[in-house]
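Once you've had a glance at the structure underneath, I'll fire off some questions.
Should a chain be cited, it is by its letter among A, B, C and D, assigned in written order, with residues numbered from 1 in that chain.
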Amino acid sequence: MSLNKVHSTPEAALAGFLHDDMTIMSGGFGVCGIPAALIDVILDSGVRGLTLISNNPGADGHGLGKLFKNRQVRKLICSYAGDNALFAQQFMAGEVEVEFNPQGTLAERIRAGGAGIPAFYTRTGAGTVIAEGKPTAEFDGHPHVLERGLRADLALVHAWMGDTEGNLLYRMTARNFNPPMATAAEVTVAEVETLVPVGSFDPDHIVTPGIFVDRLVAVGAINKHIEQRTVRPRPLAAEA
Amino acid sequence: MPWTRQEMAARAAEELRDGFYVNLGIGIPTLVANCVPPGMRVQFQSENGMLGMGPFPYEGEEDADLINAGKQTITSLPSTSYFDSASSFGMIRGGHIQLAILGALQVSARGDLANWSVPGKMIKGIGGAMDLVAGVRRVIVLMEHISKGEIKIVEQCSLPLTGVEVVNKIITDLCVFEVGPGGLVLTELAPGVTEDEIRSKTGTPFATQLH
Amino acid sequence: MSLNKVHSTPEAALAGFLHDDMTIMSGGFGVCGIPAALIDVILDSGVRGLTLISNNPGADGHGLGKLFKNRQVRKLICSYAGDNALFAQQFMAGEVEVEFNPQGTLAERIRAGGAGIPAFYTRTGAGTVIAEGKPTAEFDGHPHVLERGLRADLALVHAWMGDTEGNLLYRMTARNFNPPMATAAEVTVAEVETLVPVGSFDPDHIVTPGIFVDRLVAVGAINKHIEQRTVRPRPLAAEA
Amino acid sequence: MPWTRQEMAARAAEELRDGFYVNLGIGIPTLVANCVPPGMRVQFQSENGMLGMGPFPYEGEEDADLINAGKQTITSLPSTSYFDSASSFGMIRGGHIQLAILGALQVSARGDLANWSVPGKMIKGIGGAMDLVAGVRRVIVLMEHISKGEIKIVEQCSLPLTGVEVVNKIITDLCVFEVGPGGLVLTELAPGVTEDEIRSKTGTPFATQLH
């Protein structure tokens, strides 16, 4: 807790928070809305034995993918890992442990971790391998699985805009896992594309209230990677 | 003659109703978005945090912050709203989406679905499929009837399950099955496809009520 | 499900949805952000034996308070009922059944009901009368209580602005229980102060996506009641 | 001489730290908002859905849509954000608020709190108190030492509990108690108040470590 949450570089924003064998949550869906600049600080720090909580392991050479390449990761808690060949190789070789979650269960576990809910029942995964070893109970005539809330030592989030109080706004589908993760760690650090003075936002529009953000840093409109560039032909009539 | 992928999507689109909120899986199901009948209002949900998904952008207008659950660049509509992943799956799990159209590796006679992993092959992950089949009110599988000679509609799934008794209807390139309490009911055949051909390519007995 | 969600009067917006012995959720905190116009329709309809889910029973002559006065209510599920004398009288006389919940547990039960979570563990109320008769379990060294998700036949919400798709924005603390309740009923009807065409909102600002709203009606900037008018003296220097 | 309500609030305000997010109960705790030391940045949460609560409005500027958990008209600040009740109590239950200062009917030697109902009297309800004591990291009770001659600091609460072993400190008009693992520790006395007076007005033994 410090009065001034704003730091001038990603390195400064993470100073003192990184150590071997820690658990880190990282926002993003694929490489959309990932805290790329903060991940680079983890890469440069060389901390190892990490447990990462993220929907995906990033892409080859992008986001968390860099940490796998640098062999800093011991375990990944995710929902989908399919599109990262290097990660797949490490996983199949047993070099990285993986815990697969249904995507909604992963999101809800993180939301629960941040909201003081240690466990909840969900119908998702009942009767599948996901339910193995977990308590089950019947509600409304259907079997349900007991899932645990999930927390981390550190959450890294990417937001579109932030104010000096740490209030955050997100842009389109770059929001994804960032807001629930911001609530679910001992320490939350946010990178924002644009930093503005407190009072700049309509308080009805704020998605992540500043209480959840310990430190933040402006990283500008960084060069964002697109995994699947799909387009449609522009109709001729529209060419003015 | 089997239905083409486009014809399969068009057949699946007949399941849409005015005002429906719908989630489409990757692969053939994505094509259903192009088959919404004129005048019908359907909103597509993308489970990474969007309701009201628009078409692919014009070249040069792609935005890295606007993708669908298949990680493809897309666009917004006037009706669009964005939300976080926990809210998105609250919407799915809470039964607010009327219809999901998904691909499958195997479907069983009682509607069990397997669509996420094949033992011995690299596990790509689960994604949102388990949540969709657990929460969405009506689940339709849209897939090729057989895959590389292998039968996909079976008595019991041999692959790891995505959900138990979750599929309501199966639409393939050859036919349409309803999943009823007593098992599968064949209700439609693609032009020129016979019941015998279906029987030879289906791993479980079924009733027939063509209409 | 109808293509046109917009109705021209509160009566039309609720037509066909009201019957005796039903369960109705109603947004608001005290009388702040209550669906006053929709509640008046319930009053006029005369339906009886209602189970109401609301943080409070309204005030004497305001909001849900009118339904108690008219003896339409069988049971109230709430967190706090203290400021309504007429309700207190009916409660003490055993004419109305009351289930008190901790406010956060009530909010979370509603959120769970809307998000497909049939039950969750919370530390709130452990070791108190609230835990009586409920399963308990220990997590992280502390006792927790299993609470059930809560749903209703009908949810009534008040929003500041709505578009024709049913997307809703709320104003300041009038938001309160409205967004979670909008998700937790078979049918949700919203009254909005201002109705705008679809596309009028920034999609990043929408609080309740239209998927949760079955019908809506514009009721204008209705005369809002203030329960505790607290003010401070205007400094003389500030009088320009 | 006992502390006045203002002095009690000022003593409680000594527990604030720079950057704290704080929830204040109704009654004497509300007065703490006026005692934040100059230059210290503290944000007050109102559990009905607001962070960054400002002072009462100027007369004529009251807004029915902007109230605190005591249903009083208030104002916003540049730092303010609004959220729904489920999010608000997620914030509380999830341990994100550093300090709650609450009133009490009874507090026990081990930190049990009773502040919501008196058997035989009309139950007003629970409100947010049970969630606050369950979730906030540090809970301080701020109250009159005795009420109409009745002892409030007791060996065991006789009234229905709000929470078990949740209170960290008790500040009254007469003294300050820390709630330690071995029971209460008297750490401060109001001017002119003696340890004997505290003993006569407290229903449980306590240690003394005045500083």
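Everything below uses one rule, namely that a residue touches a chain if its C-beta (ideal position, glycine included) is under 8 Å from a C-beta of that chain, and two chains touch if they have at least 3 such contacts.
Just so it is clear, the model here is predicted, and its values are computed rather than measured.
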Please give the intersection of the contact partners of chain A with those of chain C.
-> B, D
By the contact definition above, name the pair with the higher C-beta contact count: A-D or A-B.
-> A-B
Between chain B and chain C, the Cα-mean centres are separated in Å by 36
How big is the gap, in whole Å, between where the Cα atoms of chain C centre and where those of chain D centre?
-> 28
Residue ranges of chain C touching at least 2 other chains are 108, 111, 115-117, 122-123, 170-172, 175, 203-204, 207
If you look at chain D, which of its residues touch at least two other chains?
-> 76, 82-83, 89-90, 92-93, 134-135
Mind giving me all the chain pairs that touch?
-> A-B, A-C, A-D, B-C, C-D
Across the complex, what residues on chain B touch chain C?
-> 17-21, 41, 43, 45, 51-52, 76, 78-83, 89-98, 134-135
Chain D partner, complex, touching residues on chain C are 29-30, 32-33, 55, 78-83, 88, 91-92, 98, 100-105, 107-108, 110-111, 122-130, 160, 170-180, 207, 224-234, 238
Which part of chain B faces chain A closely enough to touch in the complex?
-> 46-50, 55-74, 76, 82-86, 88-90, 92-93, 122-131, 134-135, 160-164
Chain A-touching residues of chain C, taken from the complex the two chains share = 108, 112, 115-123, 137, 139-140, 144, 169-172, 175, 202-205, 207
Residue numbers on chain C that touch chain B, as the complex places them = 1-3, 111, 113-117, 163, 165, 167, 183-184, 198-199, 201, 203-204, 206, 209-212
